[in-house]
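Multiple structures follow.
Here subunit A shows up in two complexes: once beside subunit B, once beside subunit C.
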Partner chain A sequence: MMKKIVLCILFLALVLSLCSTPSIAAPAWPTKTITWIVPFSAGGNADNISRIIAPYFSKELGVAINIVNQPGAAGEIGTMAIAEADPDGYTIGVINAPDIQISCIVNDAYDLDFFKDLNYLATYTATPISFYAPQKSEWNTLEKFVKYHKEHPGGLLFGEGGIGHRVLMATVMDYFGIQISSVNFNSVADVVAAALGGHIDAAGAGNQVISQFVSGGWAPIAWGGTEKCKDFPDAPLFADMGLFTDFLNVMTVLLTPKDVPAYVNERLIEVANKVSRIPEVRTQLEAINCVYYFTSGADMDKKMKDYYSQIQTISEKYKSAIVLNN
Partner chain B sequence: MTLELLQRVFVLDVLALATLGTLLGIIFAAIPGLNAAIAMTLFLPVTYGMRPELALSFLGGVYMGGMYGGSITAILINVPGCVEATCTAYDGYPMTLQGRSREALYYSIFASTFGGFFGILALVLFTPPLASVALKFGPPEMMLLGMCGLTIIGCLSGNNVWKAVFMAALGLFLATVGTDMSSSVRRFTFGNRALTAGLSPLVVALGIFCFAEMFRDIGMRKAATFEYKDTPIKPSTVIYDILVTKTYLFCKSSLLGLFIGILPGIGGGTAVFTAYGEAKRSSKHPETFGAGNPEGIIAAESANNAVVGGALIPMLAIGIPGSPGVAIMGAALTTHGIICGPDLFTKRPDVAYIFMYAMFLTIVGMALMGIFGIKWFSYILKIDMYYLIPIVTAFAIFGAYSINNMVSDVLVAAISGTVAIVLMKLEFPVSPLIVGFVLSNLIEQNLRRTIQMAGIKQMNFISYLLQRPLSLILVVALIGLITLFTFMNPNTKKKLQD
Partner chain C sequence: MWGLLNGLTIAITPTNLFYCLIGCLVGQLVGVLPGIGPVQATALLIPLSYGLEPTTAIIMLCGIYYGAMYGGTITSVLINTPGETASVITCLDGYPLAQQGRAGVALKVAAIGSFVGGVISTLALALLGPSVADFALKFGPSEQFALMVFGMSMVIGLMGKSFIRGLVSLSFGLSLALVGMDPISGAIRYSFGINDLVGGIEMVPLCMGLFGLSELLVLVEDLNVTHKASALNSSTLKKEELRPTTMAIIRGSFLGFFVGLIPGTGSAIPALISYSMEKSLSKHPDQFGKGAPEGVAGPETANNSYVGGAMIPLFTLGIPCSPTIAILMGAFMMHGMIPGPTLFITNPDVIWGTIASMFVGNVILLILNMPLAAAWAKLADIPNKMLCPAVLVISLIGAYSDSNSMFGVGVMLVAGVIGYVCKKLDIPLAPIILVFVLTDKMEQNLLQSIKIHSGVLGILTSPIALGLLVGAAAVIAGSLIMEIKNKKSSLLEGDE
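This part shows the complex of A and B:
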């Protein structure tokens, strides 16, 4: 009798334990350290943003996140490492838009298929690009800058720090029907140095370096984004002129390889949304002069693809200005 | 204000972190393939929890220690821990072979200490004016400066200047491999993705100096291929020699290091090559360079540590990093919500000044560790070769991998090492290759910018250069240096005498 009771209890326990587990449950993820690839050097903007965000993800997911910098070829090496990683959810990473779209469009040798190789999950930043000029120059407003270029096509040394800046330059050329001649530098820091040394006449650079420009007697002549520059309210917004440059805002986008299981992407989006509601995240990102802008999931994916089409249109028209041949 | 700040410098946490950073910097740089920038990247996340001045003092220590540490293995086993220690090996290792390793290590630590002090003193006293001088160097001037640096191959050429020119040209060429960022064109990548990122000068230098040295040593039993002697020397003798007998050499090398450090994006390697070349050019006995002349160590080590103060100047004054290591320090500050540049001195002067004063602590720490460590460093020479080769090679493999987290870099280093051995057998000097490699991007990118700028201003290239006063001075300097190095070459001298 006793044996039967014990057996019944054991059977009941087994049934209960089975009932408590859903029959078609998502596998437990994550259970081990996640590698977060940053395709740029340590100390860069994408790296800084990743190092701010990743600890919050780590806390929410309950596993360690290991940030690995894989710089080279303007992010291509690291981006391909993410795209070609095992799609098990343990290798994720970030890339910078719009650089990734531009590279895929203008660089025929880029192995990445923008639409097929990656899932675009979320971003926390969208930092606009602006135009700057010396305050004492003849072209110290956008109006004068355009007028000067109409009179002297391509006559100013326009410093820019990358392909995204050249697309903005091409967008402005297209809108005003002018020709701008660019001098290409490796980074925004180099553009600022050239500006402060008086080696260039005007520049395209992110909103985040305004204080460095101002210290050398420069000021914005056209401001990216949706809010006017607090210190220079006279600088018009590109948007006010009907020139929408949102697609060129620099976004550091969280991604996974294309074939990652749906539950991994869903969980990451869920965590991204949760992290976006933590006030410190915004404070920390704004402290490094990023413009806070959160979007995730389907919206993020749609934005990336819409921006691709816009960049493609302008890039095809102004390829020679964007892809320098000398 | 100053007294209050000094009180905040001499507190336990600043002292401890600055010292710890310096120690880690020395250790990392002494390991072949690792360097200060790698150590700083690795420890960057650790600094997020620290107060900003502590984070900077810690990373500043790593940077300062890293500039010295590479010289230890350069002197003892002819394996420079990093590119900046390359020239130290030229004279340091011959001194070790002569049983003067202790003397060489004293020269290295004292030259590093005084050079570091020189740089940080300039940082504290002259940041704004020096930063504005650096800004005067635009693309044409940077290009010409790179070309002036290239003339140093005249000093490193040995007996056959054409072989040196060939090697420098090879270095210039190898650095062009990879994706050209302006045109998106892939140069000499042969469809290999790993090559699209280009070849890193760190990886190639690691191959040439570390892998090659280890490959050559295979089969030897002891680290030193000579009877190990440790000739005693008083530290005060070395200090007197650097500061009193060779004041001019020390000041000139430190000044070169400081100045080249200030110019953004040039880095310590160029500073060291230039200072070493200049020391040899101005020496009464240039033939003793490369054969154990302490002046070579003084020039190289005082220059590379003076770079630290120099590279920090544009970062603190205008937010433009002078080197990759300093860029990481800038990143550490941004995560604390502090942007380097003019805002730093107006919004958080405490952070800026505590950091600058704490850099003096890192120098003191480095000096103490260097002086008291000499006794222990020499033990490396007593290790059996069959232990040393695998250990150094393992570190070198790890170092090559850690630069970009790419296995292909290890392969590049190993191939560079093998090719270097063949080239050395054929009596091709390998140092000009590194000089060409390090300067290639600087020259090429600024040449292209200058061509763009001249075109936009509708001038021809030469007229554009000559109408810029600073460029004109550099053109004259370049012609002067080429002439000097041509006449310094033993073969040319001989021909002239005949």
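This part shows the complex of A and C:
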């Protein structure tokens, strides 16, 4: 009898505690400084974006936000730190898509579970990648570029600045049935330097570096995104060819560890939506040459997961072109 | 030239002058804290510049950069702890000078060298400007690979007395650099299943452990020693040191500027080449490593004039040559300006104002540091039992804050013990860190060149690369011959 009473009390206590937790704790977050992890070095694109939007978040949430750079292994280390942080809502962060999907797909040693370890809340940017070539070359349009490759498979040196660019290259190879030979550079800046110095024949790089390319006599031969390039309207959109490349647009996505209470995610999404309505946010992001694109909540989460499967399909087909050590 | 004068009138308005001073002060303060180098300092303070006029903001950020560069020199000289690679070389002779009670000399020589280097490279930037930008672009992967090999050959000059011990140090640095992801394929090497090693070993904690902590362990052996302010404790150069030091500064200025033009070099290369050059030109090469003022002056000058050179590809092509310059580029963009050839036309005031402010910044640093050098030098007189714990705490914080992880602290502690053992075995430490820094870039450029030329031999088709590789071979051959000669003569002496 005694046992039953104790059990009942315990059960009641459990039910009560479960019921009461959200209603008591929900308004109590946040009460102290939030750590915002950027898995790249200070001064990089993700860092610049974070330093632009974090102050607006801080103002809305009423607490300070401390940006912490944890660079290394193409963002893998910092992302892991976010996933492994205490799920109390006081450690959040950002990561770049499609890098995170690609890491999870091609790096077998990477422990992060893309679907289980993180919540994807919002992004303010989606900067597409384009193809560039010298204006005076024999392959100064996409058509000629494809024709040249049909006649000379792998005949041009195609410079690219990262694994995301290689996935786009593989997508183009798949679409036209051609073979492109790539040279990998550490950063987009290195690609531009090699291009202007005549060390490579064509390049894949973000839309944001167009001015540098143009200054060296290069021009886009195919353009990423949904709007044509203003100065080079002749460059076809990948989208117009039926090539869907949105999944390769660089998005800097706000993250929380998987097990944070639902009210933390809800509040962050609410704040993110509010911040997206501030006009200066867009102006400031465009000043650093990002393409402004806001999405949040369920849409964001769905995008991340849809893109994962698209990248996985293309990666499996072109593993040797994407993962260079195979 | 007219533009430069125009820029000067912008740079010396009271507001700009004030922010330049603030930048230099903050930069220097931050630079003194190990673990926070010019890159981090500039990046962290960019948000502070939002509210300012673009020109003022850029001027302040540049000030932070020079200030932080000089701050790194201070810790290298006083506590043998370089905050960034450019200062590793400064430790070699700066710290021995401090131990002899001549820290003031090292700091002053570095301040004057930085000033002259800064001024000469600013002038060169104003005069040559866009016309040399094409030179920078000639350096593709093959040429950069050859340059890295040339840089590596210079490391031989730092090997100390024993060639074999030098090679041990060199190979150790090389193997450390291989840890982590392969720069091209992303294959993971030597991480032993430790996730933190996947990204490779961080340079700052490694540097702080090998140099700073190991020195601390040496000092702890005898805690009661105080660096007595000896008779030598003056801040003036000896008469016979004057000429070589001046020449080192002049040579360093031009060297730094031209290396700065080449994308992807980093400030360690000019410092390294300058040190080797001074050592080989010196009448007393044996004094290097024991406190030769020209061993501080040349590299410090070169790494400062490097900044002027590195601004050219940034301003004219929008290509950042080094991490700090990349951050400045970010700052330009945040203030609505895209670095590139049109910047000279669209925002001439900002460009020339910035160039002129480099002049002003160097003057401010010189004025600040001539009197401060003596004050800083007094720190070297603090007894070991008080100095050691303080340095340990600062180093621990620095190692942590570099990547915000305890792993960095671990790297520093292990590196410290290794450094201590190396010191006991007379294995030189500088090659470890310099080879470590050069390897990554060298490997990447090599793989790119192989891809571009479909083979290794294709690299030789570039005249610049060929020239640099022949130069490197000559340096190595020369050192080997010297080594054999020295061995023979010392053997002969032993016989007599």
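Criterion: the second predicted complex is superposed on the first by the 299 of 326 C-alpha atoms of A that agree within 3 Å, B and C clash if a C-alpha of one lies under 4 Å from a C-alpha of the other, contacts with A are read in each partner's own complex, and residues count from 1 in each chain.
The working rule: a residue touches a chain if its C-beta (ideal position, glycine included) is under 8 Å from a C-beta of that chain, and two chains touch if they have at least 3 such contacts.
Computed from a predicted model, the values in this text were never measured in an experiment.
S.K.: Of the partners subunit B and subunit C, which touch A:155 in the superposed model: first, second, both, neither?
M.R.: So A:155 only meets subunit B here.
S.K.: With the two complexes superposed on chain A, say which partner A:61 touches: subunit B (first), subunit C (second), both, or neither.
M.R.: neither
S.K.: A:47 contacts which: subunit B (first), subunit C (second), both, neither?
M.R.: In the superposition, A:47 contacts both subunit B and subunit C.
S.K.: Using the superposition described at the top, list the residues of subunit A that contact subunit B and also contact subunit C.
M.R.: 41-43, 47-48, 51-52, 68-74, 76-77, 80, 106-107, 109, 111, 157, 163, 181, 183-186, 189-190, 192-194, 196-199, 209, 211-212, 215-216, 284, 287-289, 323-325
S.K.: Could you please specify the touching residues of subunit A with respect to subunit C in the complex?
M.R.: 41-43, 47-48, 51-52, 55, 68-74, 76-77, 80-81, 106-107, 109, 111, 157, 163, 181, 183-186, 189-190, 192-194, 196-200, 209, 211-212, 215-216, 284, 287-289, 323-325
S.K.: For the complex, which residues does subunit B have touching subunit A?
M.R.: Counting only subunit B, the residues touching subunit A are 40-41, 44-45, 48, 134-139, 178-179, 181-184, 186, 193-194, 196-198, 264-265, 314, 318-321, 324, 327-328, 330-331, 334-337, 339, 341-343, 404-406, 445, 448-449, 451-453, 455-457.
S.K.: Can you check the complex and tell me which residues of subunit C touch subunit A?
M.R.: Residues 39-40, 42-44, 46-47, 136-142, 180-188, 191, 195-196, 198-200, 202, 263-264, 313, 317-320, 323, 326-327, 330, 333-336, 338, 340-342, 403-405, 444, 448, 451-452.
S.K.: Mind listing the subunit A positions that touch subunit B in their complex?
M.R.: Result: residues 41-44, 47-48, 51-52, 67-74, 76-77, 80, 103, 106-107, 109, 111, 154-157, 162-163, 181-186, 189-190, 192-194, 196-199, 209, 211-212, 215-216, 283-284, 287-289, 323-326 of subunit A touch subunit B.
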